[in-house]
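Below, chain A partners chain B and then partners chain C, in two separate complexes.
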Partner chain A sequence: MKHSQRNSRHRQYIVAYLLAALVMMYVSYSVPRWLPGDFVTAMYSSSHVTLNAEQEADLRAYYTQRQGFGRYLVDFFTLNWGYSYAFLTPISELIREALPWTLLLLGTAHLLSMVVGFLAGVEAAWRRGRVIEKAGVGSMTVLEGFPEIGTAVILLLVFALHLGWFPAAGGETAYVEQSFGRWALDVTHHLALPLLTLLLAYFPGNFLLTRGSMVMVLKEHFIETARAKGLPSLRIRYAHAARNALLPMVTRFGLRIAFMVTGALVVETIYAYPGLGTLLFNAIAMRDLPLIQGIVLLSSLMVLFVNLALEFVYGWIDPRVKHAS
Partner chain B sequence: MHRDARRTLGGDPWFVTGAALALLLGLLVVAGPFFAVHDPHDMSFRPLSAPSTEHWLGTNDGGMDILSELLHGIRNTVVFGLVTGMIALVVGVLIGLVCAWFGGVTDHALMRFSDILLAVPSVMILILVAAFFRPSPLVLSLVLAGLSWPTTAKAIRAQALVVKKSVHVVAARQMGASGAYIITRHLMPELFPLYLIGFAAKARMAMFMEASLSFLGLFDPSRKSLGMMISYALKYYYLDIWWNWLIPPILCLTLLIMAVTFLAVSLEKVFDPRLKEAL
Partner chain C sequence: MMKRWMGLLLSILAVVFLFTRPMPAPAQIREIRIGDSKGDWGYPNPYRHYPRGPGYVRMSWVFDTLVWKGEKGYVPALADSWSYDPARMAFTFHLNPNAKWHDLQPLTARDVVFSIAYFKKHPYTWISVDDVGRVEAPETHTVVMYLSKPYSPFISDIGGTMPILPKHIWESVDNPAAYNDPKAFIGSGPYRFADFNKAQGTYLYEAFAEYYQGRPKADRLIYVRSGQPLVSLANRQIDLAGIQPDMAEPLRKKGLVVIKDERGWNKKLMINHQKAPFSDKRFRHALAFAIDRQEIIEKSHRGFAAPASYGLLSVDHEMYHPGTPTYPFNPERARALIESMGYGKGADGFYERSGQPLKVELLASNITVAGQSVADRDGEVIKMQLERVGIRVDLVNLEQATTDSRVKSWNFDLAVSGHGGVSGDPRILNEMISSQYGAGSVNSARYDADTELNGLLEAQMTEMDQNKRKEIVYKIQEVYAEELPAISLYYPDSMSAYDPEKGVAWYYTPGGISKGIPIPQNKMSLIK
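Moving on, here comes the complex of A and B:
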């Protein structure tokens, strides 16, 4: 009974993510259609560019060529995302250039903060009541109160502009021919500050969540049984307890995404990191509506995909879900 | 339970610190405009002048008084957070109660709908709406609230189901209490701690979003905001303005987010029945 319930919860969430993806696509499809006038008036009514009648007609023809939602979906999946006005480049190309940087930065930040945060949380719960645990919880709660804008600007001022230890902008040194090893070092050097900022933002949440749920798990009877059997403490901690403390990390991930994505946007912008966040910032500054639309849709779908993947990972790790299916 | 809670809250250092910070900032928000001797939109002063007795924090690149900007900025951020939190809370509580009370198809449909909303990344919709329609802050806070009520609704629903089955409510029903009576006299007051948790969490998210999105330039540029001040000041970092122009809004924003974070963390710790043990 419990198993099938858990399994149906699993299925429900997967359906919810797929529907959410459809909703995002539909919103992205219809937002320009809700504008008074059309894309062309929206773009040019508030800019300094004046169009003659022929240009206007051409642009209008370009932007109204997509007829239905189905056509829009086909275009989306064939990477036919339109043309950026500000950069005079196809949107798919701009995104293809920016995406690897964002994946590098966010992927590293999430992976590190999740793994280390989880381990630290488990260890902290195991040492509950000791000074080190209390100090950890206290400092992490304080850190949880720092918004990324603040930490990013202060780290930038101190370590990049004042001390000059790290570059203040970009993802790699431009116009330099170098061997792969040196290039990798250069990329890491540029990655350091934005990564540190994101780690400071993501780590406390993971740590506090894991600690909280681990404390609950450690009170369960099966932990007592494991102890009574005389199992080594490392085995109790990880093989028995930690697996069960994983659920909040997965369920809360979706709720924390609002903070995480917003924070990542701000951090990329402050360090002028060449990823999607900076591209979006530039698109907003230049009011490049098709580009904004493309980035927003793609990042939303990626967020949904990560959520869905986590749901599967969770099902794979948690023995209760695995055995049910 | 509520009287105990008050005592526990008072003894929680996070709550005390958070409340003290919030009180301080609240004072700034309420009394701020009286301290702001200049109109924050007045551009008639000498641009980029250093702090003086006339302008305590100097002036910015547009010749506007930074202190007045700051005081209006905090106010806008705080008001956005509180308004969004309030709307999300009211919607969440209503939907949560409706789900718990009626159950059946209504419950099922609303809960599946809220699952979808939970999965949709709200920042992205907010960015899309802000960039395309340039709406007023109130509309944006409505949109954000409209996307973020499901967490509150789910928490309210779960706890309302517990209260609904509890002995005293069953007794009240057997004595002939109407649905309206039970909802207003039993369910709504007994769920009060959950309102605080939900409100604090939502207000925190909304303030964080307001600061970040205004930093990205998605709000009306003539509206003063902490995020926008940071973004403008950052362009002049080489002019040695960091201590009078860049740091003050960062400090205010950090203290603000810290205050609401501490309050949210401590409320959740004290009131959430599941977390009580993890204290």
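Moving on, here comes the complex of A and C:
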């Protein structure tokens, strides 16, 4: 493919993604407004404050000011994401505080489960038919069907309640003065159980997917050729077969990013882990429209960005994609 | 001989020394950690905390009120003493001369005068200062508040709920909701606000050493978000948290003290009394007779609840009327009442009239009790009970904000709801019955159809004599239970557990903190 053709295709990708981003921005602007109920009702329904008609009207007028989509776009690009009704704090500040925790938990869980799942899947497929492969496939199929909420509760009961090895809640021990090293250990200590829960949830799928793709690849003629040439088994396994089995895994990774915010909601809630999922959950419960819009938009854009990046990664991993018309 | 006398003298001196030296002061507690399932309740000042109990309590550590509710009723806070003069309709408060702001400025009567004026200009939804007329400061530490008309909940609503603001800080603030300067958190309470981490849902307070009631028992007070209080309490990662009643036994075995609240929160069935057939009192009575509250408690709450008074006020309230009408479970009576309205059973066993089936929609959702969302199956049990009588029920489970929104706009038939405050000041009756007081509340029946009831509600607000007020409140309960614009179902058990080894005895405040907050985090527990 000529260089100019490739550039034109890249441009098409980018234009398509920009259009998709605009649609997503409109969706994130309009959908939260369709939610029944409003901030005043949600905030005051379980309150010890009983509003009279006048107080209610004043509050409702204050919190339901309508902002047009054009203004919303301008504000977005000038990084003026507005104030959260509930926190009375800039949205960008709230997201900035919660995002690192989500990235730490979800990012680590995704990466670890992908790398370990991929390696285990490759090895299992290579040992197809042996006891270890059968046991692996069986146990992973069972684990794949096990809900995160169940795993989380069992891990909590065993490791936090009975053994007392790990804390039951939070991302760190609040308000303890300690050195950076001890703080890092403390964060890791708090991360252990939620991370393990997510690994147990994500790992089986990655393992089974890789194993399945790998089994198909291992039947290909080029693998037989490689074997016939007497190449070392490690090279056949990874340089020839595994590379071709990697593509579905990368696609899965991209799709999983879509669940970056909402995916860990259950786990974040059970372990009271600070993150965007918990922030979004509370924002929806309180009808905090500016905050809902901000988080939904951020997560949508993250999905778009990752998928755009993957378009290029595909070509790099598998040159056939690059040369496909 | 001399040696013997000297020995005796020394022995006597030693005994005298041992018995007369001052008792050692109780050891200062380094920190107290309180667990909370939600974590975030806003910033702890009057204009930035969430309008819910936990938000108010977080503010109450920083801002003191004139009086405060302790374990045995009202106790002095910023006001050492107070009195009411009916002839002048005036409350006089004598302030504690040692009271200081956290920036060490003295707290005087001028601050109290300023606070009332500021809340008139910038309303604080927790209190109403409408009935406070003139406020004077005849002396540095004396305040006189003249009422424009008698206001019986004054001590509860204003004396015991209104935070006093420092004049020297707030007099230059025009937009209090947007004011987020560190000075916005300078109060006169036992703790200084040090930090609120929004992502973690944690709060840090530090003891105010110059507090006028003495240095608080714990140097630091920390709130942490805890998804599983059972585990966190058992592992001593937190010292106090609200718990589900089922957790009580395992925690007791782990050495924690479990405390139970009085019955101050009631689950109730909201009725759309503005539309037929609910506008007919007979139908509302039929619903009450058809519902077996004990069955709801057994099936939906494993027995951890108690049937509520149909008169709304808690059975633990000092003004609870034991003669309030009741509706013991009686399906036959329910059927008779429905049939008296012209309904007859159809072929399918359900009631119908003129070919139209008697079908109602029941909204149910998880209700937030004391800051914790509690899942239950009340909707399913009530549906089953009403269908056993012959009323077809369409059960709709919705998320709470959606249910509230529909109830608020009268777009419902029946809805399972609930609220606290029923053991606090009887003003709650006005708020939960009359639209004049509770138009903005989703839990208020907003029932104005009975003129006698309306008159009684008005009268109890202006009756300053407690005994006479009690008579009126008795009558309100009678009429309300007879009219039955909403049905109080039960009081769920509300419990907390704490670690006694920390040296703090927590308790549920009778009548609830301030306006009836059912949380055992009374600041008096940390004051020596």
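Keep this in mind: the second predicted complex is superposed on the first by the 243 of 325 C-alpha atoms of A that agree within 3 Å, B and C clash if a C-alpha of one lies under 4 Å from a C-alpha of the other, contacts with A are read in each partner's own complex, and residues count from 1 in each chain.
Please note the rule applied: contacts are C-beta pairs under 8 Å (C-beta built on N, C-alpha and C of every residue); 3 or more make two chains touch, one makes a residue touch a chain.
Worth saying up front: this structure is predicted, and the values here are computed from it rather than measured.
In the superposition on chain A, A:A53 makes contact with chain C only, not with chain B. After overlaying the two complexes on the shared chain, residue contacts for A:G68 are found with neither chain B nor chain C. By the touch criterion defined above, A:E144 lies against chain B but remains apart from chain C after alignment on the C-alpha atoms of chain A.
In the superposed model, A:L88 makes contact with chain C only, not with chain B.
By the touch criterion defined above, A:G129 reaches neither chain B nor chain C.
Contacts of A:G230 after superposition on the shared chain: neither chain B nor chain C is touched. Within the superposed three-chain model, A:I270 lies in touch with chain B and with chain C [touch as defined at top].
When the shared chain is aligned, chain B comes close enough to touch A:V31, but chain C does not.
Judged by the touch definition given at the top, the superposed model places A:Y175 against chain C, while chain B stays out of reach. Under the contact criterion defined above, the residues of chain A that touch both chain B in one complex and chain C in the other are 35, 42, 157, 161, 269-270, 285, 287.
The residues of chain B lying in touch with chain A in their complex are 14, 112, 115-125, 127-129, 131-133, 148, 151, 205, 208-209, 211-213, 215-218, 227, 230, 234, 237, 242, 246, 250-251, 253-254, 257-259, 261-262, 265, 274-275, 277-278.
By the touch criterion stated above, chain A contacts chain B in their complex at residues 12-13, 16-17, 19-20, 23-24, 27-28, 31-32, 34-35, 42, 141-142, 144-150, 153-154, 157, 161, 211-213, 215-216, 219, 254-255, 257-259, 261-263, 265-266, 269-270, 280-281, 284-285, 287, 289, 292-293, 296-297, 299-300, 303-304, 307. Looking at the complex, you find that chain A touches chain C at residues 35-38, 40-53, 55-56, 59, 86-89, 94, 97-98, 101, 156-157, 160-161, 164, 167-172, 174-175, 269-272, 274-275, 279, 282, 285-287. Residues 35, 37-40, 42-43, 48, 50-53, 56, 123, 125-126, 177-178, 180, 195, 197-202, 204, 220, 222, 224-228, 230-232, 234-235, 237, 367-368, 399-402, 404-406, 408, 419-421, 431-432, 435-444, 514-517 of chain C are the ones that touch chain A when the two sit in their complex.
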